[in-house]
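Please go over the structures that come below.
The following pair of complexes shares a single chain, chain A, combined with chain B in the former and chain C in the latter.
The block that comes next holds the complex of A and B.
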């Protein structure tokens, strides 16, 4: 057949090690050295749920529910957890003593909601995002309504489309993100949403919902009509915050982005503050004390990874400089000299570094998943802990680095 | 005139109610007697008007001893007795309550050596001079040897001996206290010593960085019956939980665990009750915050690793000067010095064998004239 060119015929690579684009590995596993290429270890881990979140399981590595994570999507894992889960081969996190305390607080607040929101604060890499993820999965398994935003920086870093809202409100809408949030809620707590009636007839766009309609019906409208996603989300939050049938957990990671300046610009090329985004505006009142839940908990987590979205005022309030008393009595009485205010509209819980027992459990898990080849001894754990000063992120980095 | 003067002075003194004995001594024959303006007290020493009268008097006194008994001039072999060590310049200045320059201290020490090596024939005088010089010796503590009242009969016979040997008793007692001092730990901050707060101290340098380290051992939890039983209960509960999860019957207190139960227990469920690890703070900040590079952090904790004492000490480090690597290496030396005193013989030996007690004297080489840097030369141009 002279119509077919022989110059560009692909060679048969059944026995060779040529890699095809992105689909197969470069190593022929049949001929690979069994000493080096071993099967990925598969330690038996318990799934974190309402039944397994008990004090006996403290300092154990547990797996996050796959169904819960499927609602998020792999590209929306908070922080660096996506990379970590890929290395472990499974979405596993350590169930710490602090996690147990947060779970107990969640159960307490499910009956009597506090007036102020709570924010997890701590140094970078201590596990704030991981704690929020664990708590959201436990709340979902408990049958709560979970409003979980794993990354708020994505809402303000101009990575998603935005548009000015119709009318003169001055706000900007992000329909894609709002739709994504509705899909997440629908996947996580559909059953819980179906238990909560609207309580009053409501109009969403051209659709009208009866008082007996549930939040699940409301979300369906939003999923079917993306243009109404913001209205649906606002109405859903309004109804969920006032009802007492089902507890609600509002969990927002990277909550500092709510007060920052976004990377969007308005029509006058002026930088948009985050509060002019409608999606941010839906959640911000919960953290400023203007709205509260009738039953449930509003929980956030600070992120110090991206300093662009950490407002200076918030940073000074979270880490205030030492208030040295003025030696000059005249200056001390001068009312024009104003100290940095340290009051916050929310309560803070400090996420601490790893304890020795937690470090042991983590190092044993790393050994079981073949991240550490050498046996886990007290000297190894002590060295890794001291060099990392108990910081989980630094400890993991020292274990996985080649230095 | 004089007679009139005396009479007038006496009359004035009488009128003022002053006694006659104030001025009128036959020894005083100053022209100021007439004017009655001579000061009441005279300086008791000729060095009163000098800049450092105490130092001058001391030097004069020791020099008089040397001149009286004739010592060998300084610099000759054998001038200072073997073992004669004098207090250092700082302590001497404190003792005399005056600032001493290095030259003044050197001169004083030279005279002390000469006085110490003076050939005094009279034993009593020799003891007196030695007793006088003892106050300038390093490590001297004055001890009074006192005879008890109960041994009066015996003391009557011994009193003569005691009076002559009182000085030797004191000397012997001083010698005994010196030995006790050597065994006693020093309380001031010194390399490898424990201070009054129970911290082991060490200092180190590298390039232009200076570091100081204070180590405190981590307290091991006391094993009490309550803590042991609580730990046993915790382990038993975790074992039972693992058995329930594996679908097996939990063991009761009277039963022995079966082979199935033992196999079902996951090792991760038996995490031991660990003692907290000792943290390392550098200039008040955690180690991970102060040193960004992992190699710098590991070099700081390397002495602990070598001595197998990782996590057993809280370390507070103070470091100044230099860059990050210089500071890390200085911290390493400081920690090694403190740890070598805080650990046992095996730890000390390990630290010494690893070469961690050796100061690395390498520093940036100076720039030379005619060259842009220490070794680099300017580009050679043929024409």
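The block that comes next holds the complex of A and C.
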């Protein structure tokens, strides 16, 4: 039996680590110091929805709709937001001025869709994933069809099953992930899907759908028959992108993974590029300008967290080098420097750093949720804001660190 | 624990790691086996279906691993000894084979080399007990005659 190590012998421990340490605190709350062990504060927050996404609520912390988040599941919160929500005790995000502009753009594009996709770009921690999450929740409450992928890296990091597609297509299917995506869409925008008829009779596997069948009926087939989930998703995107009854929001986080090499390998042990995955292939044409929506918006967000899934050529096109080579690397990072022109298949929107008012609102919220014990003063906010250079992630880190 | 081809594999390990528990399979071969069967990187043995396990068994059966490989290695070393090569002699003496120093160190070689020969009796060709045949006198009495393939 080679599973037993011969190098050392573990202590005999009948209880095990979990039984020893326990998941719950061992503190007797009845005898605990009331100054130290206080109840978690519960500030009243308005839920972000179509009605509350208005200019008056700019610079206020609002709660994301729980029903929307339930469709995602706690494991699928984008980026570090899951940890943040756990710390706050509720899924709360700041409604920024930029968020309001994006919501207005969403309303504009709901009537006349732009030809090119839009991608949110910016330094790590500026709030790209948070903006996408807010927009997706507003779009869902507005009754749009929402195709929201909170983490595309999970599709390419070889963490989920895959299999070669039948036939000679050379593509690989990920039925579990496709099914997960269908479930998310079904939970978020079932009513909107029920309003859109297929417009033509369609065959999915052995099932035949009439032209009057709706996208909700189509999704039901996919949920009942996981083997058809890819076909259902492809047909759903096809119909949703060409119809004009209901606006569509295609929101993809970590969109750079669509162009990267995946961690999957084919049968010959050759690395698979992401475009050979059928799930990626369903969304990639929207960002490459090969497909567009008749009504709605295609929005993505770049992620700079996992560098393995940031292709070099995309990185060069997003951050082109200066037009004139500069020896000083700090000077080369200056955004005002003229850079070499690049062609991207999508438009980019830079996510801005926090303004002073936004930093103030955020820190007040941190104080209300007991993340900051000391009262929030102008001097404290100014100090933290300068130290963090207006970056929300760095602001949170500086507030929660012991330095 | 999963018993596969006579080896007890830990269920909770990732497949590409569990396969290295076979003699003759390292990380690269394990990765190739997983790629061939389209098993993703984070898949654990307990998550494999019966069909996948059967496929895995059939792929592993095609490979030379475990006792087949040990037999092959042992036969190779024995052949080297039988034909009287330098490498064979070093295996027999339990000394380093690849020209390492023996003045000091060479502990590993003394421990491991020759293990393939210890199970077998003395080689078939006589060495010192009888005088060498006249045709091989050019190579000295301590060396067995060259095999027919190498003679020139």
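Convention: the second predicted complex is superposed on the first by the 363 of 403 C-alpha atoms of A that agree within 3 Å, B and C clash if a C-alpha of one lies under 4 Å from a C-alpha of the other, contacts with A are read in each partner's own complex, and residues count from 1 in each chain.
By our rule, contacts are C-beta pairs under 8 Å (C-beta built on N, C-alpha and C of every residue); 3 or more make two chains touch, one makes a residue touch a chain.
Keep in mind that this is a model prediction, so the values were computed, not measured.
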Partner chain(s) touched by A:134 [first = chain B, second = chain C, both, neither]: neither
Chain B versus chain C as contact partner of A:230, first or second or both or neither: neither
First, second, both or neither for A:391, with chain B first and chain C second: first
Touched partner set for A:360, first chain B, second chain C, both or neither: first
Touching partner for A:379 - first (chain B), second (chain C), both, neither: first
Which of chain B and chain C A:291 touches, first, second, both or neither: neither
Touched partner set for A:264, first chain B, second chain C, both or neither: second
Of chain B and chain C, the chain that contacts the larger number of chain A residues: B
Which superposed partner A:56 touches (first chain B, second chain C, both, neither): first
Contact residues of chain A, present in both the chain B and the chain C interface: none
Sites on chain A touched by chain B in the complex: 44, 46, 56, 59-61, 123, 355-357, 359-361, 364-365, 368, 378-379, 382-383, 385-391, 394, 397-398, 401, 403
Chain A contact footprint on chain C (complex, rising order): 1, 7-10, 21, 31-32, 34-36, 38, 40-43
Sites on chain A touched by chain C in the complex: 1-3, 157-164, 172, 263-269
Complex contact set, residues of chain B against chain A: 237-238, 241, 245, 266-269, 271-280, 286-289, 294-295, 297-298, 301, 304-305, 308, 310-312
